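Pasting a structure here, questions to come.
In order of appearance the chains are A, B, C and D, and numbering begins at 1 in each one.
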Amino acid sequence: MSNTKVDFAGVAFKNPVVLASGTCGFGREFGGIFDIEKLGGISSKGLTLCARDGNEGIRIWETPSGIMNSVGMENPGVHSFAEQDLEWINSLNLVNIVNVGGHCCEDYLEAVEYLNQFLVDFIELNISCPNVKSGGMNFGIKTEVAREIVREVRKLCKHRLTIKLSPNAEDIVSLAEMCEAEGADGISMVNTFLALAIDIKKKKPVFNNVYAGLSGPAIKPVALRMVNQVAKRVRIPIMGMGGIASWMDAIEFIMAGATVIQVGTASFIKPDMGLAIAEGIRNYMESNKIYDLKEIRGII
Amino acid sequence: MSNTKVDFAGVAFKNPVVLASGTCGFGREFGGIFDIEKLGGISSKGLTLCARDGNEGIRIWETPSGIMNSVGMENPGVHSFAEQDLEWINSLNLVNIVNVGGHCCEDYLEAVEYLNQFLVDFIELNISCPNVKSGGMNFGIKTEVAREIVREVRKLCKHRLTIKLSPNAEDIVSLAEMCEAEGADGISMVNTFLALAIDIKKKKPVFNNVYAGLSGPAIKPVALRMVNQVAKRVRIPIMGMGGIASWMDAIEFIMAGATVIQVGTASFIKPDMGLAIAEGIRNYMESNKIYDLKEIRGII
Amino acid sequence: MGKIIWNRQLSKDFFLMKAEEKNNAEMGQFYMLRAWDKFPVLSRPISIFDRDEESVVFLYKAIGEGTERFTKLKEGDEITLEGPHGNTFPKIEGRIALVGGGVGIAPFYLTAKTLKEYNPGSVVDVYLGFSDTALLEKEYKEVADEVHINVGGYIIEDIDPNRYDYVLTCGPMIMMRLLYQKCKDTRAGIYVSMENRLACGVGACLVCTCKTSGGNKKVCKDGPVFPGEEVFGIE
Amino acid sequence: MGKIIWNRQLSKDFFLMKAEEKNNAEMGQFYMLRAWDKFPVLSRPISIFDRDEESVVFLYKAIGEGTERFTKLKEGDEITLEGPHGNTFPKIEGRIALVGGGVGIAPFYLTAKTLKEYNPGSVVDVYLGFSDTALLEKEYKEVADEVHINVGGYIIEDIDPNRYDYVLTCGPMIMMRLLYQKCKDTRAGIYVSMENRLACGVGACLVCTCKTSGGNKKVCKDGPVFPGEEVFGIE
């Protein structure tokens, strides 16, 4: 009998499918539509120390096989999250990944420290959000800048820690190696690609922030390459994502070296896409007599 | 009356539309299908000093709104090109851009030096081809590595020189600034994005070379962002490309700061796409009372 | 997944389409419609024009990639309907004006019908503004008391808010804003139906946020219907 | 741009489709077909099954995104045909075997017809290999002398190359390679029709290169038809 269970840094996921941060809120909304407990886990909307209103103007734009978003980390802040949502999330049979972003080092640290007291499976440290002008972006581009924040957070964080990398990084492999060296338990990759759309009628960028983040099937081939490059160079496990929209895509990411895969944009194609992918993976395993995903993980 | 003419480093293009290197051979094939002389120019298949057979195995793979290619610089070499194709190309009423690649610095230099004796409008130096294992890729990633080759080529090259940048560069803005500082006449950007596709049935990468280059509409939002970032920082003109598949896309690139635009993958959607784009630009100019593309260039 | 029952062209770019869908949807709600696999990525939000237990009717305007595809659908073709999503217009009584601009008229057929059913004593007048061709006059007359039509002008000029207890509106932002201004100092309470760009359609992604006096609200889940004051009162 | 005249399902995944297209195409050539806007990016190469001056017939197998879309086309729908592209089968005379495996049978209807017209004295036998269902036997009988059918086995086992002056083949690489081996030391000259992945279809992009004894050749332009020796003689 095939078993879709995977171990990620000592945490058991009943299957490798996780809903990606920012695309599933805190799980409540999709939870009303399908049985999210059939997934492996859920990564929360990116949280910051204080509540944020997010960006003004258009926040979503369609591109060929992709979308650009500029939500700008709208979120209720870690305190409200811990008070209002965490208990409910923990009541679910799901691995609970809390995604944390920030403006500056202090924000990250305070948010992470505050979360130490709560039950959480993983902190997913978003050093890569391209939307906040003064925030995420800068941390995730240069390895040595990122090192500082990873090191400080690692010192403070009592939870398992996975670092979410930006595909806009100068050298994503060295960034991942740095995370491993600094004691991260895993890598989540990739976040959105920095991109531009112009409203030619208005002669203005579509987004108030000018640049926004590209996700969806369009980016899959590049995200997959990055996961593979990193998987060849680090021993800590990877949550792979970027355009996954079918179980075949998920298997590609696993063969490229991912242990867990995350589904973001594809939930907008079909709210229960994550479920369809989890089922597809199981069927694939059974018909190919794969008993454990280890057998195909990283075989490229 | 609107005039689609643009000046690029002192060379007049009757309109800003150029067919991109590697997607139009030396122009003969499309020349048999539509009137290519209605375009602004043509960039030749990438040439190396000696003839090359290119890569083995599958060379093309479709992805959502994109294609991956791994041609591996198959080409007849600069000598055969100069003897068999150059005269014909020069007989056309088109700006003639000769794209040059190479394995190592000496290859580039010898090829460029050889071409000094011929009539050519531009040398487009491809420091970015991701397909040749030991070749292009490395030159275009790190600014200081690229500087060497740009400097040497610039010293030797008697033609106008535009440098074709890779979107895989660690810092594409600093790369472009370096090209300007080293005396390049223009920037061509972007080449293909390094990407991976896996044949899950065979449990093998689709391409013999493992990674291959992604192009087409999927990459447009990211390419456009890069053009805009570079346009804000250099004074030399830019040939912008990456997924352009309509006149609206072309106008976006011009508003982002490109002087000339190149059409690659979209010619596979429709062989005379370049022509449709040139006509679309003209109509857009007329109906918006734009007399010179200068009026909208770089307004973002 | 439902089947198309019929799909009719009403004018150059307006279409009325009926699809199978068991539902108990209410006035003002919408569906996320999709008649393709993965391209384009997003489904399209379309309001409920009319419904019964087994089917929903949509009024849509062909403006781009997605809605153009809807125009190609024929009887028996399949379409994915996710929904009904969003809140509803309030169940109100009294003298009510429903004001739609362009395809913003869509929700007001079911709304008029529902409000008259709810209290047959209510007066429900419909105001429809079109840029070139008037549509569906006969249909709206069947469910409303008065139907005012304006082609090529400004429908809001035809309304005297003092005649009404409530004004419900849907259409271009500029129209809704002006109507809010016009109603502000009258007795009429105004509700507006917002048309932000959506992605998930269910409140999970925060791309549709609308600034309101009560803080950020999700158009897809907290809306699309908001008290006019909440949206325009803070501008 | 041409209109579909008809599009018929022959078996679970084989379809025959006729489209308007003024042409003077020849046996062995192909068209790049497209029945969508920009997604998927590439057009699909399909051989000419039959033609007259005003139309072309295609035999295709639904295997993926593109060919699935072709199955949806109805009479009157539009389809873009770029072509005819590629070289042709050689105009040969004598005793000729045409050997197709699976959808590789497609080019041999027009080829049989053309070769018989070219020299009615030629013997043109057709060998068709299918994995599950035999198709178009009647049609091929009208244009060929003998029609041999093999379902579920190996069609090349049914051929005695010594009976022929020429063998033309199209189908899976493995089949063509084995047939080449079988013909190599006989009097039969063999030509193969290659099915590499194409992008431009006209010789401009070099993604379809095929290694031959004469160096790299473009399947779309120098081919798809090559002397068997050129392709398999160097392996």
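To be clear about the criterion, a residue touches a chain if its C-beta (ideal position, glycine included) is under 8 Å from a C-beta of that chain, and two chains touch if they have at least 3 such contacts.
Protein names from UniProt, one per chain: A, B = Dihydroorotate dehydrogenase; C, D = Dihydroorotate dehydrogenase electron transfer subunit.
These figures come from a predicted structure and were not determined experimentally.
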Neighbour overlap between chain C and chain D returns A, B
Outermost chain relative to chain A, judged by CA means, is D
Quick note, more Cb pairs in contact for B-C or A-C? It is A-C
Averaging C-alpha coordinates per chain, one finds the centres of chain B and chain C separated by a number of Å equal to 47
Whole-Å distance, C-alpha centre of chain A to that of chain B, is 34
Chain centres from averaged Cα atoms put chain B and chain D apart, in whole Å, by 35
So chain A residues touching two or more other chains come to 64-66, 216-217, 245
Residues of chain D that touch two or more other chains sit at 38-39
The residues of chain B that touch chain D in their complex are 22-25, 28-30, 32-33, 45, 53-54, 56, 58-62, 64-67, 69, 71, 74, 216-217, 245, 265, 267-271
Touching chain C in the complex, chain B uses residues 64-65
In the complex, chain C touches chain A at residues 34, 38-43, 80, 82, 197-209, 211, 216, 221
The answer for chain A against chain B in the complex is residues 63-66, 68, 170-171, 193-198, 200, 203-205, 210-211, 214, 216-222, 224-225, 228, 243, 245, 248, 251-252, 255-256, 296, 299-300
The residues of chain D that touch chain A in their complex are 38-39
